[in-house]
Each structure stands twice: as structure tokens, then as C-alpha cells.
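Handing you a structure now.
As written, the chains take the letters A, B and C, and residue 1 is the first residue of each chain.
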Amino acid sequence: MLDYFPQYLFNGLLIGTNYALIAMGLTVIFGLMNIANFAHGQFYMLGGFIAYQLTTTLGLNFFAALVVSVVVVTGLGILLERTIFKRLRNKPLISSVLVTIGLAILIENLALVLWGARPEAIPNPFPLTPVQIGPIFTTQPRLFAVVVTLAAIVIIHLLLHYTRAGKAVRATFQQQEAAALVGIDIELIYSITFGIGAGLAALGGVLLGTIFYVNPTMGDVATLKAFVVTILGGMGSFPGAIVGGLLLGIAESFGTLVSSAYKDAIGYVLVILVLLYRPQGLFGKA
Amino acid sequence: MLELRNLGISFGGLKALSDVSLRVEAGLISSIIGPNGAGKTTLFNIITGLRRPSTGTITYEGKNITAMKPSRIAGLGVIRTFQKTEVFPRLCVHDCVRTGFLCDRSFSPWEVLFRSREVQRFDSHRSSKTDAILDFVGLRHHSEALASQLSYGEQRLLEIAVGLAASPRLMLLDEPASGMNVDEAERMMMLIRRLKDRGITVVLVEHNMRVVMGISDYVVVLDCGQTIAKGAPREVSEDAAVITAYLGRGWKSAEH
Amino acid sequence: MLLSRLAFWIAATLFVLALPFVLGEGYHLHLLIMATIFAIVAAGLDITVGYAGLLSLGHAAFFGIGAYTSALLFLHFGIPMWGGMISGAVLAGLAAFLLGFLILNVRGHRFVISTVAFAEIMRLVANNWTDVTRGQRGLPGILPPVIDLPWGGSINFVSKTAFFYLAVAIAVICIGIMWRIAHSPLGDAFIALRENEHLAESVGIDARRHAIQAFTIGGFFAGIGGSLYAHYVSFVGPDLLNFSYTTIFLVMVVTGGMGTIIGPVVGALVFTLLPEYLRIAEGYRLIIFGGILVLVMLFLSNGMIDIWTRLRNWLRRMSPTTGAQSTDA
């Protein structure tokens, strides 16, 4: 069993990076706008399906489809922020939760109507021949996914810390009123941040569709996982989303050794435990 | 009635209160004054159980209430108002006050369903007393108005009315006269005197010196989390340390 | 006007009693029975969400616990619906109590997500604990109750008409209880919790204790609904704990009107009957559900009851004579 330890670890990291991608967007939206977006997973799903649509019906090159899909969903995110989420900002919790749930149902069932309930894989140029790195067996699509995710995380980090726009985002994050006073366009920051969060989720969806497949109901599970990771890592914490995502992925991976049916329950039990003993999560503020 | 001994609390590295001791005599109006950031509201928060002190004890009518839950402390008769006015926004004034009567008087579902006579008695008790309380604070004519639609000054009166419904023996009022003009502050002063007449011990945190000097029997001055003077208003106003700490020229105008 | 109130109730009762004969033993009566069952659940959820302000997103779990408990007691021990319903409700209430006890130190988003987490755990258990629940195959063959009359013979609730009367009777009792609770000092405490928890605590209302109570009550009545469902539909499966059920219950409460008890009952009627009668394809129905939820929460957050109340007030103002006479609240 222990021989497989590195394999399980790698698998856990693989799925963990995917979780991190979805969670990053959610945690940032929460930290900035204090809105719990239950429709977040739909961006994940849409990313996957748009890429699928582009590669199959339009015959677009895989990499181009990936980029286009992320851009489209980012744009959709900005649109939704301007129309719906803007109105939710100072409303009570029940409004934002129920509106986003309504939105999730709407988008998911629209997707069901458009694409049917069958899972689809995104055609990609990677051969499925196994690749071996030391004791670990994997495939090219999976390696691609990990590399892209890590690249995305690094890019976001660089953008946040070394560009003016990034600093503006961080400033708004920490102290909105002060940021507004120094002339930062808060509305723009909100829209862009929301859009990027959606785009990150979409990227996750495309990558998943490359490794496995996408189906219109995957948004629900994605939303739940995103919330689990966000609570584990701390709502509003970027590093929390990454570390939390990896931890959840690894925990679930090793959890399949015990029981693969209850693998998903691991995250939920962790959530309840965290809420009992450390409600702010790993990196959150008390 | 209320005794604080060696109370101290730190937030992060900042010592908000250190070694604060004071005694509040029953039936009197006491005021806690001091510059902004002196720790006055923190003191109230500790007394009412919203924060736990790092050191020290609080004794109320002989009972140690230092680690008690806020609702339990309120049940013992210690009721406070807040610096930022708190009401039940979507309830009408009448219902807000009626809610105050629930202080330490909770009904379980069984009682509600099967002991309806006791519930009825409670309800009629509430109804008859509510009008009296509204008259006392002067809000009777607004009985049906929504709490969120009252003016700022009226909401402050409502807060006191809700507190009165909870049968307080000690009321902690956090800046009751803040944001009020001279007339409103005058009326607040009279209201607080009426509270004293009803036998309620009052402790104020206040910045308005006219109010403080006008109605207090006892004054405590806090600065940087420590007590720097205690005593009758006259004494305190002439204490050199107090004057240096914050009163300065403000004193002269308050004495008129 | 006491007379007019009495007349209204008599008319309503006669109307309800006559319904099965008007509608016949068919699909329409079936829908009404489902609506009645959901009304009980929705009213219970109203206590938790509408009165106490606790956004519970795990209500399907309590519905499911009630259903499974009742089903298992019947199938393994032959316990009829009466015992099953009480047991199911007690178990569901107990689950709610325990979860609330554990989790109600936190509020807001964290509470919401923990209810979701709990419901998902329960669903996974229902799906995978195949020894007990038979997983996806579910538990079939749960029969409606039978009352043996002392003078021989029995009343059988198999027919839709009979079950309809039974469901309505149980619903009236349950909703009556919830109405009583809501309009009592206990209900006032819940409302205080919702409106301003901080202030409530400072006037001696123990917020956590009342939150747990409201949550438990909601769970209890969801359990009753679940049990009724099990004995009517005769089949119980893990899908009963799907998030979609939680959503539908919430839609009923929110669109009907939170914090009114009656609103959610109306919501239950509307959202059980409407989609069927509009004959919309399955996929579109949920799109519309989603859209309604979004629109209502953005623009109409007081629900249909509020529209009804406002309409009534407007009508009263329009007609000077009735304005003077009418004192109904």
C-alpha cells in the first residue's frame, strides 16, 4: 500500500489544484464583496462546455478554445456583477444566498437544455499514453492541467503584487473606503475581480474536461467543493484557497483508500470540524 | 451595587484598560468620562459580558458576573444602550418595547401550547405596561410607527424604552446625548433623572459636559485605560490631572 | 365581524371537504395531497428562516430523515404511520437539535454552509448505507395507515380521498401549532433574534438557545412531512435528500412570504400546482424556478403575502365604507 503513497499524493495534488482554481475566485469574491456566491460552480461548468462547443462545432484549436472560453466566462462574470451582484451588496445574507442559488438553477438547467445531460470530453491534442515520473504514473493531459494551474496561480500572484492594478485590488480588499478616497474606481475593481474569479473557475472547468469530462450538473458539486475549500482556507484568503484546495484534494485522495463512496463526505465533515474549532479557517482572521 | 476590581483587557498588544477599579452606589447617577479612546465603551462591553477581561473581577449585587453570558447578565437587571443606536428595524415601536419584556422570561414550545393561561397573563401584562413605558419616554404618539422610520433622537428614546421593559435595576447608557441639540439633550437629562426617581441606578458614558455635570452624583474619569480621578462632579472638575488630560477650556463653558 | 370570520372558516372547511368529490380520484387530487404535505414542511421552514432568520440550506435532510425513519419502522417492525410519523419527526427534530447545538455558535455564511454540508453527508449516507437504506434502490412498499374501528371494520387510507382528508387534518393541526408558536412570546423571541441579535441579547434573550429551538422546530415538522410523504408515495429513496428539495422548500417560503406561516402555505400550493398545470417541460420548469427565485429576492422580498396584504390595504383605502367597518388584521 505504501508503495502507492506518491501516486495517491500526486492524484490528490492534481485534483487539489483544480479545487484551488475554483476556490480562488469564490474566496476573493467573498472577501471583497461579502457575498456568498452559490452560482460560482456554474462558471466552472460553463468554462468546460464553452470550450467543448468551440472545439467540436467550431473546430477551434484546443489551446485557443481554452483561452476563448476563459475570456468569455470572465466577460459573463463582469456582466453578472454589473447587473445582479451589484444589487446584492448591501442586502441581507438571505437575499444573496437565494439569488445566487436561483441563478445557479437557472444556468444549470439552461445548460441542460442546450447541451443535454450527457457527459462530454473536450477533444485535445494530448496523447493518452501514460507518462512515468519516478514512482508516479500519469498522463499528459493531467500534467498539462497541473502546469497550467500553477502558472495561473503564479501569474495572479505577480499581477496582484507587481502591477498597479493588482495593488489597487489589494488596497480595495483591505480598506474599501480608503481606496475610494485615493481615487481607486471601486466599481471597476469589483467587476474585474468578479470577472477574474469567474475566469479562474472556467479555467478549472476546461482543465477538468480535458482530463475527464464535463456535464451540466457539475456546477453544483463544484460550488460545494469551492465552499468547503474556502472555509478550510479562510474566506477571503487567497493562499487559503490554494492550500485548502490542495489539502482537500489530498485528503480525498487518501480517503478513497478507506471508502470511495464516502469520499465527498470527507470535505463536509472537515467543514463542520473547522467551524467548530477554528471558524476562521487556516488563514482567515478570527 | 456594582463593583469593578482591577479590571484589565488587552487587544493585541494594546492595553485598552489597566487596573480599573470603581464602585457604583445604588440609586445614584454615575458618569464615566474621558477622551476618545479612553476605554469607556470597552468598559461597558466588559460589564455586560460582550468581552472577557484579561484581569480583574466584576461584582454585581454580590454576584460575580465576570464570565457570564450577556443575556444572563441582562436577566439579572443590568441593561445597556449602545453608542450606535440599536433597535428592531422592522418592528413597530409598540412591538419593540413588548420584546423587551422577554428579558430572562423565555417560554418553551410546550408552555406556549399547553400553559396558555400563563402565556396570556404574560401577554396582557406586557400590553398594559408598554403604554406606560412609552408615555414615560414620550413616544406614545409613535406607538404604531416602524422603528426604522423614527428620527435619530426618537430611536435613542426607543432604545431606552426597550431597556425599561426588561425591568432594569442598573442601566448603562452609552452616550445617550450624543448627536443631540441643546433641547433634546435637556430632555434626555430629565429622562435620566426620572430613571433615578424610579429607583434605577444609572451609569453614563458621556462627552456632553452639560449633561454630565448637570445630573451626575458621581464622576469617574478614564484616560488611556486608567482611572485618573473619581468623585463628586465639583471635585473632579477641579482635579488638576483631569484638566490636563482633556478638559482644558471646555470646563469653563460647562460650569455656566 | 366575528360572524363573518366564522362564516369564512365554515365555507373554507366545506370547500376543502368537497374538493375530492369535485376533483375525483385523479392527478389533481394527488397534487393537492403533495401540496398539503409540502405546506407542513414549508411552514416549519418558515419558523427557522422567516421568524428566526436562520438560513437553513439543509432542510431536505430533515425531510428525508422523517421519511426514512417512518419507512424503516414500517418495513421492519410493522409500525403504522402514526408511530412512524411521531418517531420520524422526533428523530428529525433531534438531528436538527444536535446540529444546531454543535454549529449555532457561528452564524451567517458559516452556518449556511454547515447546513449544506450536513445535508450532503446525510444524502451520502442514504445513498451508500445500502444495508439499511438499500441505496438507490430505495425502500418501496410503505403502506398508508389503517384505523380499526371498535365496532368492527376499518378505515383504510389507501384511496386518495381518504388520504387527502388525513393529510389536511394533520396539516391543520401542525400549522395550527406553528401559528400558535409564531404568535406567542416564543415567536417574538425568534423575531427579536432575526431583527437584531445584538439588541436581543442585551435585553436578556438568549440568542443561541432560541436559535437552536427554532431550528429544531423546523426540523421536527419537516420530519412529519417526510413521514406523510413516505406513506403516501409508498417509496422512499436518497433523492429525497437532494438539494433540489431544499430549494423548492425555500422557494415556497420566500415567494409565499417569510415570517407569516400562511405565506409559505400559499407558496406550497402555488409551487406544487403551478408547474404541473402549466404543462412545461421538465427542463424549463427549473429554469423558471431559478428565475423566479432571483427576481423575487431582488425585487419582491416580502413575497406573495405582502402583495396580497398591500392589495387589501389599497382596496380598503379605495372604498370608504368598508374602511370604517373593517377591523380585521
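Following the convention adopted for this analysis, a contact is a pair of C-beta atoms (placed from the backbone, for glycine too) under 8 Å apart; a residue touches a chain by one contact, two chains touch by 3 or more.
Just so you know, these numbers come straight off a predicted model, no measurement behind them.
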{"item": "Chain contact graph, described as a line, ring, star, complete graph or other shape", "value": "line"}
{"item": "Maximum centroid distance from subunit C, chain identifier (CA atoms)", "value": "B"}
{"item": "Chain closest to the assembly centre - both centres taken as Cα means", "value": "C"}
{"item": "Centroid distance [mean C-alpha coordinates] between subunit B and subunit A, Å", "value": "48"}
{"item": "Computed distance of Cα centres, subunit C from subunit A, in Å", "value": "34"}
{"item": "Rounded Å distance, subunit B centre to subunit C centre (Cα mean)", "value": "42"}
{"item": "Residues within subunit A bordering two or more other chains", "value": "none"}
{"item": "In the complex, subunit B residues that touch subunit C", "value": "48, 69-72, 74-75, 79-80, 82, 86-91, 95, 98-100, 102-109, 111-113, 119, 122-123, 162-163, 165-166"}
{"item": "Residue ranges of subunit A in contact with subunit C within the complex", "value": "30, 36, 84, 87-88, 93-95, 97-99, 101-110, 112-113, 220, 224, 227-228, 231, 235, 261-262, 264-265, 267-269, 271-272, 275-276, 279"}
{"item": "Subunit B-touching residues of subunit C, taken from the complex the two chains share", "value": "177, 180-181, 184-186, 188-189, 191-192, 195-196, 198-207, 209-210, 213, 217"}
{"item": "Contacting residues of subunit C [partner subunit A, same complex]", "value": "49, 53, 55, 57, 102-103, 105-106, 108-110, 112-114, 116-118, 120-121, 124-125, 127-128, 243, 247, 250, 254, 283-284, 286-287, 289-295, 297-298, 301"}
